[in-house]
């Protein structure tokens, strides 16, 4: 008899303790969730007593909270990019504008020869042209970023498109004693894409290589890959993983005429057109590889 | 709180060697004592003179065996004598006696759970993020209490059952008395654990802590006894108050009807409660704002 | 408006007669990677110990996540001083102990953390047999175990080999970018933190000497001639036209920084000839370590 009583009381004590532990755990989950919601923190839940069921529940809730955290990180990063964009715009616009104003001042003061005045005006016009170019690219970029519309697509001969684009840069390259070497393996390679955007991608890649690279530009097609390769001056490229970031430029002072937007647009367009894109750099050469496997006609 | 307890149990579980050593020690301490009827190294009621009647009875039987002093008796002869004494229970001596050396085990537990945390500096991992100092201090206390209480309960049960087998049920305590004795022996245990816990947080490093506590635990009975003898002018009552654990006195009350021990039991319990409160609070206040290295 | 993670005011910690921290004010925002730089004994560890609750300030106060006291400390992961673990347990068991302690229910976090710091192949090897670098990695694994919102790391790359240092730097940057973890990291070597942190706090004798962003630090260290004058637009034109300088930057309303290698007296003379009032031309630029020495040395002399 006494042993039964003892056995029963032990059972009662154990189950009461377990019950109290679970109760406490549920109260803890509730108050932690409330706190996370009110503080908008990215905290996670922790068990305080830990029975198997409540632990499993907490693990599940935590997975959910982790997803939430990833989402809010993405949102934060986008906002940060926007802030950066504003700061960079004001910086980038300031330098050509200030120097154009300076030249204007000199012209207005007079007392210089006509020939000299002509030259100053040319500089002013060049600076303002640069300013317009900058503003245009900002607008274009922000339009692309904010627009979610699916681009219209058609069948395009990539080889013709590239030749088209290269011809526009021919003079610029030849003037500085550099060349564009094409190795496209044939005259026809059909893909389904948006002509405008694709042209912009190729244009940007060629002009990027002209501005930042040195030596000849090689455009090579290998299977489904299109490779843009050129030499890079020693020490010019510091961080290959960032070349596609908005406003990332190797030219800190921003006087050489780069906005840092060229490759960001390339990236954005490529993603919209389902083209894989990657960059690598080694031993003084820099390559951008477009993967066209997904869009062959 | 529960988390620290669980974590500590997990960690101690990884120290298998300690568990084996502890279990071996307990068996060596207790089981042979059930046959020889003297606990190894512990205090015996008989030695302490609590069993006055038994003492006299054994003395009176010495001539039957042709010896002058009790220690000259062989184990068999001794067993024969005490078995013929009315109402003598063979397990009470071991149960009460073994609880005292068990206190050494607590020192080891404190090393495992607290001072090692300080020594290897892993305490800063614990305190630096989620665990408050108060939680830490009292959760460790709870862990050590839990472990010591379970050791005492297990040992008492083990001895009781082993005695049933070796010496028979008629020489064993009634189950109710066993429970009361166990509960009473938890009183000085609590006081002792609290003191040791406070000392651990005071000294904090394993080596000096072990030196201090193991030494004093071994000697404390004798030292205290001597001091009290001097202070109390040899008054037996004062000596009894400290030297005898309430469980011993209770067993004396139940086994030999020494009713005059009852008030001492209450005084002893009161003393234990005070000691517990004072040392716990003192240890925490000391630890509260301490810099953690 | 960025959320403030740490805000401290007048933090002071006194050991005996030595003021390890002397009225430190610091604010750290969400998403920052803040590098604390100072010599050994400058007060870095003391400061981090206060934030992690291992030390209690004698004066001053601090807030974590906008709240005082201990309630928000669960959102921090940290490595203070050298790593400390139980020698008889393996890496996995040591972390499991802290999982139970902190109430982390998802034990797969242990493997994630070990993988992140590159300690997956230690198996049953006990902590006491670990090399210094492995111990350090395990310390970092514990700090990131719970994917905290704030990571406090005191000299985390001590004892790591060059590859380990670069691995950990990549890890910290990844955690910062992907999980938005705010990081406070201390070191006595500026160049170690240079590629990692976005903000640098120089600390010496318990006081903050300087608090600069990476851009400001770059600017101070880059060799340039800073010209302060009254008419920036014309100065810019003159620089381009007559001195052939293209690499320059207009930093504020009065200053042009010229990065080309030219004689500053030459520039000054030219600008004056054109009737532009030049207030000053200063040549700036210094290596990182020299910059640090200058800061600290300046304090010692003054």
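Details
Going by the order they are written in, the chains are A, B and C; count residues from 1 in each one.
The rule we apply is simple: a residue touches a chain if its C-beta (ideal position, glycine included) is under 8 Å from a C-beta of that chain, and two chains touch if they have at least 3 such contacts.
No experiment lies behind these values; they were computed from the predicted model shown.
Traced through touching neighbours, the fewest hops from subunit A to subunit C number 1. Centroid distances built from C-alpha atoms place B farthest away from subunit A.
Interface comparison, A-B against B-C: more C-beta pairs in contact at B-C. Chain geometry summary: the mean Cα position of subunit A and that of subunit C are 26 Å apart.
Inter-chain centre distance (subunit A to subunit B, centres taken as mean C-alpha positions): 71 Å. If you average the Cα atoms of subunit B and of subunit C, the two centres end up 55 Å apart. Looking at subunit A, one finds that residues 46-48, 50 touch two or more other chains. Residue positions 74, 100, 102-103, 146 of subunit C each touch two or more of the other chains.
Annotation for subunit B: residues touching 2 or more other chains are 3, 6, 130.
Of all residues in subunit A, only 39, 41-48, 50, 55-56, 58-59, 62-63, 66, 69-70, 72-73, 76-77, 80, 94-95, 98-99, 101-103, 105-106, 252-256 touch subunit C in the complex they form. If you check the complex, the residues on subunit C that touch subunit B are 49, 52-56, 70, 73-74, 76-78, 80-82, 84-89, 93, 96-98, 100-103, 142, 146, 148. Within the complex, the subunit C residues that touch subunit A are 31, 65, 74-75, 100, 102-106, 146-147, 149, 177-180, 218, 232-238, 240, 246-250, 259. Within the complex formed with subunit A, the subunit B residues making contact are 1-3, 6, 130, 175. Contact residues on subunit A toward subunit B in their complex (touch as defined above): 2, 21, 46-50.
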